[in-house]
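Two complexes are shown next, each including chain A; its partner changes from chain B in the first to chain C in the second.
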Partner chain A sequence: MWTRKAAFTFTGGIALILIGMMISNNQMMILGLALIAFIVVNSWISGHGDVEVQRTLSADNLYKGDDLYVELLITNRSNRKTQLLEVYDNIPHEMKLRSGLNQMRLNLSPGESARIRYVLRCPLRGHYSIGPVSLRSRNTFNLGVEEMFVDHHSDIVIFPQIKEVEEAFLRSRTPKMYTGATTLRTPGQGSEFYSLREYVPGDPFKNINWKAYARTGELMVNEKCRDAVTDLYLLIDSRDIARIGTVLKNPLEMSTVSAASLAAFFLKRRDSVALGIYGEKLSYLPPDTGDKQYFKILSALAGVSAKGEMPLQAVTNSLSGRFSRGSPVFVISSCEGDGTVPAAVRDLVGRGHEVTVLSPSSIDFERLVSRIPRMSYEVLKLERQNRLTTLAGSGAQVIDWMPDMDLSQALMQVRGY
Partner chain B sequence: MAEDVQVQSDVTITGSAKSRTLHLKTLRKQWQIITLQIIATAALVGMYLEVVSTYVVGTIDHTILFSSIESLIGSDLPLGNWFTGQGRTGLARFFVPLAIGLVVGGLMALVAYQTPKTQQRLKLGFIITLITLLVGRLILGWLTGMIFSFDIRFPDDGELQTLEWPLLMIMSLLIMFVYLLPIIMGSRGIWGLSKKSIAWAIGFTLLFLGIHAILTFPLIKSQLGDYGGALATLESQISQPTIGLFGIKLVTSEQFGLILIAVLILVFQESAFGVIKYLEYAFRLPESCKRDPEYVNQMDNMLNTHLMHTFGFLGLTGIATMVALGFHSVLLSLVSDTTGSQWAGQVSESIELSLTYGLVISAVMFLSFMALLRYLIPWQRIWGFTYSLRNNNPSENEKPEKEFIEF
Partner chain C sequence: MVEWRDINYRRFGLQAAFWSVMLVLLLMILSNFVNLSNTNQLSAYDDDWNDMSAFRQDIKDMGVETRSLVSSPLLLADIEDPRNTTYVVAGVERDTLSLPQFDDDGFITIASDDGYSPSEIEAIVTFVENGGTAIILEDYGFAGTIAEAFGVRYNGYQLFDTTYVPELNFNYVWMCVQTTPCSMNGSQIDTDSLSTHERWADTSSALSAHPCAIADGQVVSLEDSGVCSHHWADGEIAYNGTYRVLLNNITALELIPNSDNPLPELAIRAVTSNEASIDVNGDGKLVVSAVQSEETPDLYGRFNLTVEACAKSTCNPDDGGRVFFVADGSPLINAIYDYSGFAEGEYGPTDTEIPANDNRKWALDIIAEAMMTSIQEDGLEPSENAMVIFDESRHPQNAVLADSYNTIYFLLVYFTGEGLAMLVLFLILFISFEAVLIRKKDPDNWRHVFSIIYYGFGDANRYPYYSKVEKIRQVFLSKVRNQNGLTREEFHAMSARELVALINDPTLAKFAIEPSKYSLEQTVSIVKRVKAWGRR
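So, the complex of A and B:
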């Protein structure tokens, strides 16, 4: 395809020839002919995009906020030069270039290769695809241009960020003895003896092994085996309302971060974790342990988007039958626009579950994007407070999670309720 | 973007990698860039000399204008003859002004590289010097006169006469500037990397050619009287071809001069703009890419190709134009030889047909045929084949110059 420059040159050439003929001026005619000849001669050679592209990523799965290293290898497999070739690797608009550049102008000889290296920052969780590779070839004097692309994609999953969670405050009221129990040879809170170790400040005095102290002369404490596996149920609210706030800070993002962090913590402790995500529909991942479950949970959380209006009651009605007896249930929801939350929580508590409601404060998220009059804010805040108090009254542990509050800091509130 | 991106710390260069970068400071000293700038300057000078020798020298050149002014005012102009070229003959009149024009353009380019503060100071200094030159003597003489005579008065004739020299000097310089505009702006554009200046140089040359063409149109020329008679008219239409290829005479020497002007304009334009294009690209790259040997290698490839194509394709453009211009005579002789018809003979005798319409039509026919060759001859494969003949084993050319730490 001709470029604008070629079109102007051609038009100029024709115009000069015609004017030259009109006024019998040789210089104009010759200048016009030279311009046309310039285009004609340059049309003999054109670039091509017959190249092989290979993309290497530093990882297929990353955590939100991590850097992704990308290397694009372009090889000219044809037996002629590519001429001026602009290579542009299409990256999702959610990702930001941190270093390097995802494009290059090159001119590859037959068999020659070039590498484009760049680093992307992934600030948003999700499933992404890098590619295709756009190519634009021009001739040296920019008279012809041709655009094409190489349909080469690399898929990547950005998991939610994992936050450190302090020592568990959650334990099953009914330790699992039979179903799916795993032998745990790890120290923790329990009844069976695990080992002796040296006393460190902060250890309870009741754990001191006085006999060992008498024998060795040094303070020793008894360490216990963890009792049994706990099934933990995480219910995440991904309704449309969860998108309130900014792209990076909204209830849904905080919910995914908290769910991923809790899942990581409990799976590390060899507990079983189940995940239920409700919004447009309910997706449920049955409880399981291990790295595979961890990966499944993170993948599910990576793909969560705010959609739908499903009430919590519908979720609990459908799932509560599957919940293990007395297992802790984590409901992560802003509790906005869902009148069934108190009833659902009451129902779960009634079934003997230890329910914890982690509620990102949607009003404060809304404040990040729009100005709410002080009076309205106060009223909305009061309404929310009442709603949370009702939930606490139902027997749940309720956490009011403010946007600027760290997860572990928020979890500390449990004791306050 | 370039400012936002930090040095790519993950890339570690070891081995025998070259430490060249694409920073402007380094790139400006690269031989390909300097060669392109020299080619552009040579093309500019060649184009200018060709234009002035064809249209200006001996007819409307600056020395004739200066002589006219001198005879009008009855005294010599302040600019020395060594400077203006008065007293010399032919193209020699332009040699010194041309050199001065190049120096002025170079100085303007140099000023363009200074900091804005320095530029401002230099401009201020120039303006003050100009004002001092213009009215300095008048004010000094007038004020001193008033102080010594204890009188407030207007400047007298003697004092006002001190304005004559500076005014004539500035007028002479302005005339020289107008004559040398393509050279000054062109050299400033090439070495000062200013697209605007290059456009000025080309635009002014084309404007001059256009105005000249209109003024030499017989109808208008006859209206201009003596002034029109002074304009150089090209007589290339009626002379016999003397320059050609492989023994075939294609164009007259006058036509060759005109082709040279057209090709040199193209060489100047493509080389000068090419330098700016590549430097702009390098400038916009982020810091990490400027240090990346891959980008450096590819920049080398692009510059080398540009250099080769400047010689190859612009040379071919000139040859194609020459052949196109001589193609009518080839066609006519072909028709005459093969058919023996009188028509060919009549057409060749008709100046209008063979040298204007016939010439253009046959030239356009030839160029159309050349354009069709793109589809008839697999140029790409031919280039590829010649390339592979030159480099039998491309893989041998890939020297492992650099190693990177894997991610």
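So, the complex of A and C:
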């Protein structure tokens, strides 16, 4: 593609030739021809973008707000110089360039390499892709520009932030939260002895009970009791209405942060955590423990977006049969625009679950972006208060979570209802 | 995969229609300019019997450079040495492209049916005024405007004369280049009626006589005979001032009285016999009388066949430009000009026998006079810059796309030679520069833009609804019900008295039970009370 300079030179050349013809001025015509010849000759000595690009990231997964270190290695694999080559690494606009630059102008000799280093801050959770690498080569006098790209992508997942949840805040009505539930007497990963069984290939040697082997002459292994205290169910509301507020402060963001924090807290205690996300459709992660489950939960929460209008009642109808009896259920929802919440909560309570409704105050999030008339705001708040009171009356523990309130602080309200 | 319903038929149809129209237009234009048929004639660059290659070859053999002009006579303005240049127009076969231009009065006009545009005529006149020589060989074609610029008019009707060649047909007419008419003696020209060229053969006037006539009798070798080589015989220049020129399908020339002629000296060099007639109505019959009338529309008498327009009476090329007008376009075609070669089949097999004629001598004498050097030491050699230009711009070309090329070349010359076109071209150039300045953008510099501030989401439409009294009442009653742990059924079953007692606030009780109008201040006050209610 010609640059503006080239277009001017060409138009000027043509004009000089024509005017030269008009006034029979050979010098002018020769000057015009020279300008056009200059463009033609210049187009022969263009650069190229035949380079190899390799990107290295400091991590594949990060938590929201963390820094990502990126290094781009560009190598000229061809046998001629690149001339003036602009390299630009396309990064998602949701990421902030903290230091360094994601672009560079190079002139690489054959086989020569150059590195671009920069640091990104990732203020939003989600699944992102860095790349492709755009290249722009210019010829010597900047008369022609050619753009191309190297289709090299690096995927990265930004998890929701994990807030510290103090155990004290979760001790509400019982000395230790949910200790009322019995230890799960099922075999699995844990520390407590469950039973002795015959060795099967694949069992780790460290589990072999040598005393039993000496006694019976057959290889026996110790089976451990599953170390979970209880199964915890987290239900996240990701309906369209959950995006009320700003991109950084809205009920859905609060919900993902709280769900990730609660999951981290309970998984650390070797509890099993299940996750249900409902909005456009219901996605469900069955209860499990360990780092793998933690990673699954964080990945699922990273990709949540506000869509759809699925009611909570539909979720509980679908899932309540799969919930372990008596296990606690956390419903994280603003409860806005869903008339089925009281019935669903009542149903869960009726099934013996200890239900906690963590409700980000959508009215107050809306107030961040919209000027709500004072009287309307008060009435909306009253209505919300009524809704939460109804839920509390249904037997759930209800937490009214204001936008400027920490999760730990919000959890303290459990006692208030 | 693209679904059929996703295809925008309307857009597709519009696109198809647009490109169809464009294709039809293109084909129409091409059909006008692409000429694959071999219908061209009178071209100095083709060697058919009706072309003029023999004449061009003779000129080249003289040592004179020949050129073709395929675009427009506007280029004659760029000739550096018009004195030594001869411009030959032979049988104009087509009209010029009718493009807008300024006329003599400065108004914009569109030239049409004139063969040559006013600018081209002006270029030819300027060329001649600057000392150039022009030979206009034309009959019924488009070169009339050139003649009119010099006070001569082509009659445009076919002329019949008694001096025709009976072995061929009445279209072949003899033209004797002399002041008096010649006549026939049987099938031959009566030699007694022949005389010599009035100017060329009159050696008493050295300025007006033909240089070969002056050199008559001069002993020279053939190599040194230069432009008079066609008069060379037996080791000397043997000039003969008698010219029997054979014409084909001729018309007549008229002098326009009181015309504003750039070359004031007009001389009639050849005439028909006194028994010539012109078929004015073109019906093929000659009905003539002394006076032209409806019954006798055709003309009878003596007509002009050749007119010479010169700047001075001497008609010397050193004294100014000259134009030769001949009332026929074909005296120089190979069949007549090189009759012996034609008879030998050099231009294709033929049964026609063209009689011997002086066409070659006459044509080369015009060239010799125009091209001969004025430097005494150079003898009979042509001048250093001698050049003959054949106007091929009005002959269709039989090479593929040659006409298109000529047209483009013509447009180029037109836009750089014609005043109005130059003005338009200046405007186009100016607009082009502006367009480049405005439209042509360099690619944007790459820059990372961190952008997560997106529009907040909220439903402002519901705010007025939440300030309505009915909604406030509904919210308040829900609060009363919730606060007292009542089901909907229990609450609806309550009497008004019980509800008033439950509310225990006369203002709110009245608000809950008696629907009435409330001012804004009252509503605000009610909301405050509702908010405070239950905290007690």
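A few points about this structure:
Here is the rule we go by: the second predicted complex is superposed on the first by the 350 of 417 C-alpha atoms of A that agree within 3 Å, B and C clash if a C-alpha of one lies under 4 Å from a C-alpha of the other, contacts with A are read in each partner's own complex, and residues count from 1 in each chain.
Operating definition for what follows: a residue touches a chain if its C-beta (ideal position, glycine included) is under 8 Å from a C-beta of that chain, and two chains touch if they have at least 3 such contacts.
These numbers were taken from a predicted model, which means no experiment stands behind them.
When the two structures are aligned on the shared chain, A:M21 is found in touch with chain B and with chain C. When the two complexes are overlaid on their common chain A, residue A:I116 makes contact with chain B while staying clear of chain C. Applying the stated contact rule after C-alpha superposition, one finds that A:V41 touches chain B and leaves chain C untouched.
In the superposed model, A:L97 lies in contact with both chain B and chain C. In the superposition on chain A, no contact is made by A:Y284 with either chain B or chain C.
Once the two complexes are overlaid on the shared chain, A:Y194 sits clear of chain B and of chain C alike. Legend: residue contacts after superposition of the two complexes on their common chain; A:L31 is shown touching chain B, with no touch to chain C.
Looking at the shared chain after the overlay, A:Y63 reaches neither chain B nor chain C.
Residues 19, 21, 24, 97 of chain A are contacted both by chain B in one complex and by chain C in the other. Here chain A touches chain C in the complex through residues 1-4, 7-8, 11, 14-15, 18-19, 21-22, 24, 86, 88, 91, 93-97, 102-103, 123-124, 134, 136, 145, 147, 243-248, 250, 366, 368-370, 372-373, 375-376, 378-380, 382-383, 385-386, 389-390, 393, going by the rule given at the top. Residues 17, 19-21, 23-31, 33-38, 40-46, 48, 56, 58, 69, 71, 78-81, 83-84, 97-101, 104-119, 139-142 of chain A are the ones touching chain B in the complex. Against chain A, the residues of chain B that register as touching in their complex are 1, 5-11, 209-210, 212-214, 216-218, 234, 236-237, 254-255, 258-259, 261-263, 265-266, 270, 274, 277, 281, 285-286, 288-289, 292, 294-295, 297-298, 301-302, 305-306, 309, 313-314, 316-318, 320-321, 324-325, 356-357, 359-360, 363-364, 367, 370-371, 373-374, 379-381, 383-385, 387-388, 391, 394-395, 397-398, 404, 407.
Per the touch definition, chain C reaches chain A in the complex via residues 77-78, 412, 415-417, 422, 425, 429, 432-433, 436, 440-443, 446, 448-460, 462-464, 466-467, 471-472, 475-476, 478-479, 482-483, 485, 523-524, 527-528, 530-531.
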